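Presented below is the structure to which this report refers.
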């Protein structure tokens, strides 16, 4: 019975993936990719990876959707959205089929990997959720570098701005009817999202959740508030927002150095301080992830978009 | 059984993404193809991590960071595509255009 | 008793989901399809959440189920209104 | 009960498949977005059922999906507005909307 459910789900995932690559029109592809993110989130739920399901639900169908649809809108106003039907490409099909077949072969041919048993190490990690323990303690290097990669991507996006737009607020100049449905929605949703996002970070220490998931939810409701005209998008040069961007990496690095100073080693948390240290890093990281993701999706300041 | 279904779905998605990345020329479509490859890899990796007796949290942690990085890479790519369209009025690469200089 | 309630509520929820999908496929134009969608899938989700509610173990789970449905209602109402208006005011746009 | 909940989840997924057909068919962008919205609500329903079936923690995932269900659609109406930043409610609907609405636009 549960295999039938997984088969049905995977058939839908594959069908939607195929639909996002086939046919004409990138708008349809973007919509299919939004539904794809949702179905993959259900797939992660079936695999028992609840933290991943949460991240995929928030990012895959939420933020990526806004990003792709906004991009399509901009391209349409620049008259670059049209796509002609491309013919079937045999070499590409051979390449894709070959890659898929070799992965399928690897699944059956390679030995089952032996997962390191973390249960003995978990009591020293300071948190009960093994995924959070891996992210913030056992493999803190990865997470630290990743938070810096996010900043680099944001700087890359900002470099796309034209000189004349540099001092303008980020993204397009969003406006909405003050008493309209969108504005009301933009007032109701963010408080709920704020509570839920903070809850996810807090709960992530022991059960499903964490800085990435909480930060994504906060970024998403922040975007809703900005698109509804409730909240003004920041400018590149605003100090407080820049401070929020680097808060997470700075606190993370600082705690790493403190660990080295205490003799435990860089990015190694002493067992007694692990829980408060992880919660502090997570709180700072959540702020930075939320602001970085929201600004990434908003895009560079773009005054020219008004006329184009 | 279920793990095999998900792993093979992941493998097929990677292949599908590779096809789209090579065969489709509109750059927004290619961004979606790139995301499809990433997501297929994550599914394959996640199914592999769930194969042992216990659910391995390390692949899960890496996949979460991977999902966030994929979003930031997509945002950067979207920025580049919009900048290209602002400059040239097209959303496909010059080397992919046909003899009349039109986007295919 | 609780199980019976779950069977009945989830089954009727399914009926609404299927009706919504059939409406989405069969109705002739955008606005009637919107009508089929918003009526059906919210009741559908409500009934399914109601059915599942009889299986919950704690009050927190029950509260969460309620919140899920309320948020879905809010989202669906907003989206229906906005998408309908967008379809109305830009009918000539590609 | 377990078998029944499996059946509910499978039927829900099948009904999502029907909605996906409308995403493929269109014809207008609004049709596709609406159908995607139904897929979103259906996904929340599937997760609620899976929560009862597997682990109540999944309610958190369902809640996240429900909270962000409207995000893509808000992005859609923004992108559809003339300057990419507006709100369809800012302008009154055209006088002839009843006749206009019959001509469903095709997207390219």
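In order of appearance the chains are A, B, C and D, and numbering begins at 1 in each one.
Definition applied: a contact is a pair of C-beta atoms (placed from the backbone, for glycine too) under 8 Å apart; a residue touches a chain by one contact, two chains touch by 3 or more.
Model, not experiment: these values are computed from the prediction.
Set side by side, the interfaces A-D and A-B show unequal numbers of C-beta pairs in contact, with more at A-B. One inter-chain figure worth recording: chain A and chain D are separated by 21 Å, centre to centre, where each centre is the mean of the chain's CA atoms.
Each chain gets a centre from the mean of its Cα atoms; for chain A and chain B, those two points are 14 Å apart.
Note: centroid distance chain B to chain C, computed from Cα atoms, is 31 Å. Chain A and chain C have Cα centroids lying 27 Å from one another.
Annotation for chain D: residues touching 2 or more other chains are 16, 33, 60, 63, 67, 70, 74, 76-77, 80, 87, 89, 107-108. Residue positions of chain A touching 2 or more other chains: 2, 46, 48, 63, 72, 74, 76, 81, 181-182, 185, 189, 192, 213.
Across the assembly, chain B contributes no residue in contact with two or more other chains. By the document's touch criterion, interfaces exist between A-B, A-C, A-D, C-D. By the touch criterion stated above, chain C contacts chain D in their complex at residues 3, 6-7, 10-11, 13-14, 17-18, 20-22, 24-25, 29-31, 33-34, 37, 41-42, 44-45, 48-49, 52, 55-58, 61, 64-65, 67-69, 71-72, 74-76, 78-94. Contact residues on chain C toward chain A in their complex (touch as defined above): 71, 74, 77-78, 81-82, 94. Contacts from chain A toward chain B in the complex involve residues 2-3, 6-7, 10, 13-14, 17-18, 20-21, 26, 29-30, 33, 36-37, 40, 43-44, 46-49, 51-52, 55-56, 59-60, 63-64, 67-68, 71-72, 74-75, 78-81, 83-84, 86, 88-89, 91-93, 95-101, 103-104, 107, 112-119, 130-131, 133-135, 138-139, 142-143, 146, 149-150, 153-154, 156-157, 160, 210, 212-213, 216, 289, 292-293, 296-297, 299-300, 304, 308. Per the touch definition, chain A reaches chain D in the complex via residues 1-2, 4-5, 8-9, 12, 15-16, 19, 23-25, 27-28, 31-32, 34-35, 38-39, 41-42, 45-46, 48, 50, 53-54, 57-58, 61-63, 65-66, 69-70, 72-74, 76-77, 81-82, 172-177, 180-183, 185, 189, 192-193, 196, 200, 203, 207-209, 213, 217, 220-221, 223-224, 227-229, 305-306. On the side of chain D, the complex with chain A involves touching residues 2-3, 6, 9-10, 13-14, 16-17, 20, 23-24, 26, 29, 32-33, 36, 39-40, 43, 46-47, 50, 54-55, 57-58, 60-61, 63-65, 67-68, 70-72, 74-80, 83-87, 89-90, 107-108.
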